[in-house]
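Would you mind keeping the following structure in view while I ask a few things?
Per-chain residue numbering starts at 1, and chain names A, B, C and D are given in the order in which the chains are listed.
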């Protein structure tokens, strides 16, 4: 993900967050998990500054939406260990999504944190619309 | 495990991973849990770079396949405490196997991460075939 | 510093960086040292992702440009201890500047990393022009 | 850097290390600083397992050979702060080199640790010859 494109996702996320009144922090990372752009809206809780990046990192790292991970890391499930292994960065609730190119190769991840999980997901969807214009 | 032998296991694992279309990261560690060889195939998710090593470490550390550990670390079971104590490195699903010499002495561990657990196990088996030609 | 204003600084910095051909990472932090916006231009070295934020943090933290700090942290000088205490985040060469409001109250910090120190400073100046139109 | 090419560098480094009798650890990382291949020859000190990766990471991170960094991080010099900021991963003596493609874009880094600095550099040179056949 290059800065110009990441910036489009970021701006789209900010617009949606304003519309639904959910001040959020938003991050886009590259395929190596490193920040391309990250920002915090006024009113987004302090923890979201780190969490949005961790969500984006997690989604890029496992190439899955973070929303899918919670059931997989419960005791008795296969990824129970992974959650502990990546403790500190591995976020297992909604708001992080991987970004792929048209050939299915990983381009990076997007993370949104600030509102309820439903709000985070709505904001992430708005950003993804900027990623894949349909 | 010396580098030459570890390299044979690594190469055998890469070949099998290519055959089954499961880009993976593969690590071989010595009896001290330290990397002898580790690599990442193109397309293997980022998280696998660390996970393959953690699986190899875990298998060498407890001298058991990681696939056997999940039930043992549940609350109320004997290894529940160990899992917490080693959180961050202790992986409790399949893909890590210990390596023993002909006298049963620990030589190290092998870890595969990238595909489904079944794919990880199939790749680990291919590597083990290079370890113990039968 | 609110996101809208921070984006103006960020954009001004990116434009100058493009003009002088110095791909850079740029961060704006608030008075608490936390990221408001941060981004990496294509071609900016990996180390700059963290360094731009550390420069912004350092400038906000001591309310001085980081370019002024190098002599102050030498052995025998007053800030020698501070440098050690903050090791890991305290950057003592140019590219970080504090941001003040019209009453002289701290608003945050700006950090630029990517080119030579002279280039970093030129880019920071361009961003500051967006902060205080004169 | 893809695994196939990284293995060529790795193998070339191992051959040279054997020739000069300097058992070493060798790592190749991608542009994001993540391991593509890493291995330890028998007899390479334990510390080299981590150090080879840190050298490769450092070289990729700052896009300079690590051999050039030592003078720059001395007290009174500009990168004095950087060394502290990246403490734990930032290696400032020879053995790490960045890898660029034909257009000068970063492809990753190579790190060699095990012998004297002169030996590390000789081994790195042998690997680089595999990177850029001349």
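Everything that follows uses one rule, which is that a residue touches a chain if its C-beta (ideal position, glycine included) is under 8 Å from a C-beta of that chain, and two chains touch if they have at least 3 such contacts.
Note that the structure is a prediction, hence the values are computed from the model and not measured.
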Chain whose mean Cα position lies farthest from chain C: B
Where chain B and chain D are represented by their mean Cα positions, the distance between them in whole Å: 26
Rounded Å distance between chain B and chain C, as computed from the means of their C-alpha atoms: 44
Geometric centre distance via CA averages, chain D-chain A, whole Å: 32
Computed distance of Cα centres, chain D from chain C, in Å: 30
Per-residue overlap in chain B, given as positions that touch at least 2 other chains: 46
Chain-level touch network, classified as line, ring, star, complete or other: other
Pairs of chains satisfying the touch condition: A-B, A-C, A-D, B-D, C-D
Residue numbers on chain A that touch chain D, as the complex places them: 30-34
Residues of chain A that touch chain B when the two form their complex: 31-33, 60-63, 75-76, 78-82, 84-87, 105-106
Contact footprint of chain D on chain C as seen in their complex: 43, 45-47, 50-51, 54, 70, 73-75, 83-84, 87-93, 117
Touching residues on chain B, where the partner in the complex is chain D: 2-3, 6-7, 14, 32, 34-42, 46, 49
